[in-house]
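The data blocks that follow each hold one structure.
One chain, subunit A, appears in both complexes that follow, with subunit B as partner in the first and subunit C in the second.
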Partner chain A sequence: MSLSASSIKIGDTHTEVLVEDLKRTQIVQYAGASGDYNPVHTDEKFVTEIAGYPTVFAHGMLTMGMTGRLLTNFVGDGRLTKYGVRFVNQVWPGDTLTATAEIVDIREEDGQRLADLTVTTVNQDNTAVLTGNATARIDD
Partner chain B sequence: MKNAAMTESLIPPETMNLVGQRLAEPVTVRIDAREAQRYACAVGDLNPVYFDEEAALSAGYRTLAVPPTFVSHAPVAPRPMEELRPDGLYQGSDRLRLRVDRIMFGGEEWDFLEPVCVGDDITSEVRLAALDEKTGSKGPFVRTVRETTYTNQDDVVVARSRQIGIAR
Partner chain C sequence: MAVEDFAVEASHIMMFARSIGDDNQIYYDASYAAGTEPGSIIAPPTFAQASAQFDEDYFLRPKPGKTWFGSGKEATGLQKKAKDDSDGEKKDGGGAAAGGLHAEQHFEYHRHLKPGDVLSATVKQGETWEKQSKRAGTLKFSETITEYRDQNGELVVTARGVGVTTEKVIEN
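What follows is the complex of A and B.
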């Protein structure tokens, strides 16, 4: 599946629930898969008593990876050319995350049709945890 | 800025000299299906092109594809507990030294240039792209930008990532 310029327009959006009730185990699973063992993500005692946070929080890159799934589902496999994010708030165990991508421009560069998108991931309180933008190759 | 001369910079001079320099030796790794699938499961991305060779071929890939952002994790070598620093990163993994207590990921930007598939040999090389000392509402901080270039076995640059760190 891929997008074509004739079938999309500026303002089109795509929304997916990325995760419901984020489990601590998924954060551990991500730590193992990524090799990022920073204890702020996994060690309750360390994070509350030493680092001074209310509890452990997810790796920003976990949210980025989950949000990347929304983008590839929307624009198609192998179509993403740029993807940039800022981590604007922490993601905690129990959070439900929903991401929305919006087409903000459809243009041509070096003979290639491209769509520019913004992407925002929010938690169950509708607070943004990730904001970003992306560019994808599309068909005519 | 009136006290600038009296306040010690968060950036030691030897660290400032690293801008533009390589932060570690390049690492080459073969992209492994199991590792990529472990990552895909961890981020909840069960796209068949990462798990089913036929699905990957019919989508136009040479073989199994990998999630785009997996490429930054592939070069991370397994290391024993004794080599973990208190912040969970590996000792000697980085030459960047700052006079700060903690570094948080502020964000990341990617350019995906060519597909990466299982069996590719990917070389990652990380450079310090930028280092800026700024003052925010919570006091001074340093913004670090590490740029990693990923090159495949055919010497084709397949991706670039810029990792933005906020150190204070």
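What follows is the complex of A and C.
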């Protein structure tokens, strides 16, 4: 699946629930796959007694990875040319995350049609945890 | 992170995709992937970050014979923060680190990664800046730019990470 300039318009959105009731085990799974074993993400004793947080929290990159899934589902596989985010609030075990991408521009660069998107991921309280933008190649 | 030999492998892509809850067949099924536009298995958009696995000195991975700052019997094997550790290991300014948080991450894809790629990455320090925050006190930001090149020396992914250290713990 990919997008074409003739079938989309500025303001079109795509929303997906990324995860419901985020499990500590998924955070462990991400640590193992990514190689980022920072104990703040998986080590309750360290994070509460030493780092001073209420509990473990997800890697920002886990949220970015899950949000990337929404983007590739929307724009198609191998179509992203840029994807960047800010991590604006922490993601905790038990969070339910929902992401929305919106098409903000459709343009042409060096003969290639592109769509610019913004993306926002919110938690169950509708608080943003990630904001970002992306650019994707689209068809005519 | 600086790495010399980041071999992109199908099994690693599969595990990474699982960890982000992405069951798209293009990340694990070669025959399905052959019929897609990319024409082969590709890596998910944030996969380059797993280069940490290939950084020998990566600070956020326990290593045999080295002190680890996470908990065992006690809450930590070190006093307070490994940040002050003087063992000379590299710290990753652009990523989450003990005492630091990941503030931003940006990728530019010159092409998408696929099994068989062997990447090397070079890291440049970018800007540093400070900001005042009511919630977290003085925020110190530092940027790193990582360029991933393939076995032919072609630039494939440019990554820009921003790390932040906060004066106070952020509890939302």
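We take it that the second predicted complex is superposed on the first by the 140 of 140 C-alpha atoms of A that agree within 3 Å, B and C clash if a C-alpha of one lies under 4 Å from a C-alpha of the other, contacts with A are read in each partner's own complex, and residues count from 1 in each chain.
As a working rule, contacts are C-beta pairs under 8 Å (C-beta built on N, C-alpha and C of every residue); 3 or more make two chains touch, one makes a residue touch a chain.
A quick note: this is a predicted structure, and the numbers were derived from the prediction, not measured.
With both structures placed on the common chain, the touch criterion links A:D77 to subunit B and to subunit C. Touch criterion met: A:M64 reaches subunit B and subunit C at once.
Once the two complexes are laid over each other on the shared chain, residue contacts for A:L117 go to neither subunit B nor subunit C. Of the two partner chains, both subunit B and subunit C are touched by A:Q26. Using the contact criterion defined above for the overlaid structures, shared-chain residue A:Y37 touches subunit B and also reaches subunit C. Of the two partners subunit B and subunit C, it is C that touches the larger number of subunit A residues. Contacts of A:P54 after superposition on the shared chain: subunit C is touched, whereas subunit B is not. Of the two partner chains placed by superposition, only subunit C is touched by A:N89; subunit B is not. The intersection of subunit A residues touching subunit B with those touching subunit C, taken from the two complexes, comprises 18-19, 26, 29-30, 32-41, 51, 59-62, 64-66, 68-69, 72-73, 77-78, 80-87. If you check the complex, the residues on subunit C that touch subunit A are 12, 15-16, 18-22, 24, 26, 36-38, 42, 44-46, 49-54, 58, 60-62, 69-71, 75-76, 80, 95-99, 101-109, 112, 160, 169-172. By the touch criterion given at the top, residues 2, 18-19, 26, 29-30, 32-41, 43, 45-46, 49-54, 59-62, 64-66, 68-69, 71-73, 76-87, 89-90, 92, 127 of subunit A touch subunit C in their complex. Residues of subunit B that touch subunit A in their complex: 35, 38-39, 41-45, 47, 49, 59-61, 65, 67-69, 72-73, 76-78, 84, 86-89, 102, 104-113, 115, 164. Contact residues of subunit A toward subunit B in the complex are 18-19, 26, 29-30, 32-41, 51, 59-62, 64-66, 68-69, 72-73, 77-78, 80-87, 132.
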